[in-house]
Amino acid sequence: MDALFNKKVKNIIKSTLDIDGIDLNESFSAQEKKFDIHSDYLTSANIANHKELYSKYVKRFNLVSAKLDTADRNDANPDSSQFRSLKLDETHNMNAAYLHELYFANIGDNNSRINMDTLSYMRLSRDFGTFDAWQQDFMACAQSSQCGWAVTYLNTYTQSYMNCVIDLHSNNVPVGMYPVVVMDMWQHSYYKDYLGDSKTYLIAMMKQLRWPVIEKRIEKADKLINLLRS
Amino acid sequence: MDALFNKKVKNIIKSTLDIDGIDLNESFSAQEKKFDIHSDYLTSANIANHKELYSKYVKRFNLVSAKLDTADRNDANPDSSQFRSLKLDETHNMNAAYLHELYFANIGDNNSRINMDTLSYMRLSRDFGTFDAWQQDFMACAQSSQCGWAVTYLNTYTQSYMNCVIDLHSNNVPVGMYPVVVMDMWQHSYYKDYLGDSKTYLIAMMKQLRWPVIEKRIEKADKLINLLRS
Amino acid sequence: MDALFNKKVKNIIKSTLDIDGIDLNESFSAQEKKFDIHSDYLTSANIANHKELYSKYVKRFNLVSAKLDTADRNDANPDSSQFRSLKLDETHNMNAAYLHELYFANIGDNNSRINMDTLSYMRLSRDFGTFDAWQQDFMACAQSSQCGWAVTYLNTYTQSYMNCVIDLHSNNVPVGMYPVVVMDMWQHSYYKDYLGDSKTYLIAMMKQLRWPVIEKRIEKADKLINLLRS
Amino acid sequence: MDALFNKKVKNIIKSTLDIDGIDLNESFSAQEKKFDIHSDYLTSANIANHKELYSKYVKRFNLVSAKLDTADRNDANPDSSQFRSLKLDETHNMNAAYLHELYFANIGDNNSRINMDTLSYMRLSRDFGTFDAWQQDFMACAQSSQCGWAVTYLNTYTQSYMNCVIDLHSNNVPVGMYPVVVMDMWQHSYYKDYLGDSKTYLIAMMKQLRWPVIEKRIEKADKLINLLRS
């Protein structure tokens, strides 16, 4: 995420160079990342398709973002306004891009293991009672989604780690969440390889969670919560 | 928010004291806050009703939270599971409680003013182009909501301040948001005093934003973003 | 509803007359109806505001309908397409217009009474067990809505009368429903007169249901179900 | 749909026989239908999985329906009530069961053709301008869904045939719709066979629409509209 440029910087570059605004616009709101995913439990066709999907979301987020620059804010209303529609599309595509990046980065570790002396183990154990209770709760969230996501996140309201069930990309999303473990439960994640057997897919993904990546997120989350309490 | 207790602490207290678990459970997931709101633009009947509503959300969040402690996670599914229903209710009531606290705290300053040398002014100006552009965009978001909220938040994905349109309490919510300015656009906020004239209500509330409160949130948000970049 | 013109007729008129297309377009998708509502339980300010709201929905449905005539169908996609946004707005405003018409027409009878020899009484008693059970179920649906509607409808799937809980105007809506009793539970219906006391509003409206209007709807619904069974 | 029993009949049978109520309850709210689908464009693994999915929805609709018989209506509220959750699940599963039945019945005709002298051809041509315009609009709706459905339906409000975009099973659903052409656009319909290429799946399904089935639905819809106008 550190490669993101401020939108205003983008506009300065755009006006200086006087080149095709829309394309430049699109290339800077979010920048597509590359992921090298090898999992014993996902076919390469599935992975390739999933990356294409993610790439599409990044492009569409940038496209919507560019359209919003000039959308009419005076006519904004709840029923029939381009501004409202674009704002909803913005959140939809932005969440999709963000969640896919977090998901790709935290799966596919064929030698996955969690150590008891990690912050991840300690924090999840603390806030869910035991580490197994976290896992059980997380998997129940994943199994509850109607095409969507399960996410473990630091909640800036309760100041604890919680799990949530997201439908599609932006329904049932907690306000004030900092995501640390992300599982894609859209049917596009598993239907090619597992058809309707989402449970087998989920167990496979849980076995391959990339804990060192999650550890770094939880380290940041922990500093973040100290900062909010100070 | 610093008054919140960790859920595990709650359970330790509960098991030590061996008193009525459910009630204690309920009283600790979130604790109702007191707000002293005086606005030239809202009647006391409206304010009193709004506080009752908030109080109800806190109670219901705690109730749902307590029920979740024992909900069956094995039967979790997308179509007919108590666990799923409770998780959705959890996010609904938790968001409602959180957003109302942020809203109550950031309105009603009858001597409101924003100084150009504040971090609030500088950050909103930077990320929206000008301070006026932020205001225009925020008000357009507020006018776009179908019973819901407008929120200015720090986005942990784009690492910039953005505005969003929330419908009800948990639809169209960005993942990775840290809220800094919050406006209630449910019809319950303004119908008693303004009937359908949401625009007059909105302008009145904008005139009375409590900038010192927002300034503290943005100071934290700014430290937060530095932490995430490090 | 019998005053509605077929959209094609509209286009023929438009092309023949060669007058301002958009306005003509708008005036024919739905035509605003007049309602004369006098209720001991609703203030005239509330009623006047509610009629304005309805009028706005009809206008916006017609506006969206006109925009859809020329929207680009080739670029239709789930993430960022004007066509998709307009189709969602179409259903939102169309449902709002339709439901408000049904609601206005079935409330405000200051001498309301239901006779046991009416089809309404018999059908609701049959499908809910007793007439009281229908009423209890309907009121529970009304109290369950998060800003929305309670509707008794003939379900073309189960071929029986059922109640549903609609959030906003188009969420949780049964497929294949023919509405017969409609209650507005958006906060705009009762906040001016009752603040958050939706229950008192609801009881008042139930006392004033216009049963002769409902009877005609149920007579049609009953013929309709015979037709579907034939 | 003619095999459905009235719920009260069910209860009479139940009380007479004094057998295990829940099971009987479940077996009568909706009864699973058998479909014999052979399509050159769908693998048998895909079809078998899809039928299982449908079967699950019927079972869950019946389960939810049975639970609703005894759910507490006094505590119904918008935030944390079992009754509300069950009503939402009821609509979700009922719509899923109904739409799948209509979908299975109207696809898979390997010798599909539409004749210009059919009511289907004439009505769709009339209300969309041309038959091709209907097809283009319907396909645009299908491509617009975020996991959901495209449906051509008779709208009892506008009294014309329209297309709609449904997300999941119950969002953006028009009130007063009688469905006549139904296309499943959940990712479960095509990911096994087509991965993310929903367009190829859609074109294949359109080529195999079972027009004689649709014709019967439109014949009923036409009688229905005459009845409503009378």
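By written order: A, B, C and D. Residues from 1 in each chain.
Methods note: a residue touches a chain if its C-beta (ideal position, glycine included) is under 8 Å from a C-beta of that chain, and two chains touch if they have at least 3 such contacts.
This structure is a prediction, so every number in the text was calculated from the model and none was measured.
Under the contact definition stated at the top, the chains bordering both subunit C and subunit D are A, B.
Path length between subunit A and subunit C in the chain contact graph, taken as the least number of steps between touching chains: 1. A rotation of 180° superposes the C-alpha trace of subunit B on that of subunit D, rounded to the nearest 5. Where the sister copies subunit A and subunit B meet, the same residue numbers recur on both sides for over half of the interface positions. Comparing mean CA positions across the assembly, the chain most remote from subunit B is D. The geometric centre of subunit B is 38 Å away from that of subunit D, both derived from CA atoms.
Averaged Cα coordinates give subunit A a centre that lies 22 Å from the centre of subunit B. Centre-to-centre spacing of subunit B and subunit C amounts to 32 Å, using the average Cα coordinate of each chain. For subunit A, the set of residues that touch two or more other chains comprises 77, 79, 88, 92, 146-147. For subunit D in complex with subunit A, the touching residues are 45-46, 49, 52-53, 92, 146-147, 167-168, 186-188, 191-192, 195-196.
Against subunit B, in their complex, subunit D makes its touches with residues 56-57, 60, 63-64, 79-80, 82, 85, 88-89, 92-93, 96.
Subunit C meets subunit D in the complex at residues 1-2, 4, 6-8, 11, 29-30, 73-74, 76-79, 81, 83-84, 87-88, 91-92, 94-95, 97-99, 126-127, 129, 136-137, 139-141, 143-147, 151, 155-160, 163-166, 170-179, 220, 223-224, 227-229.
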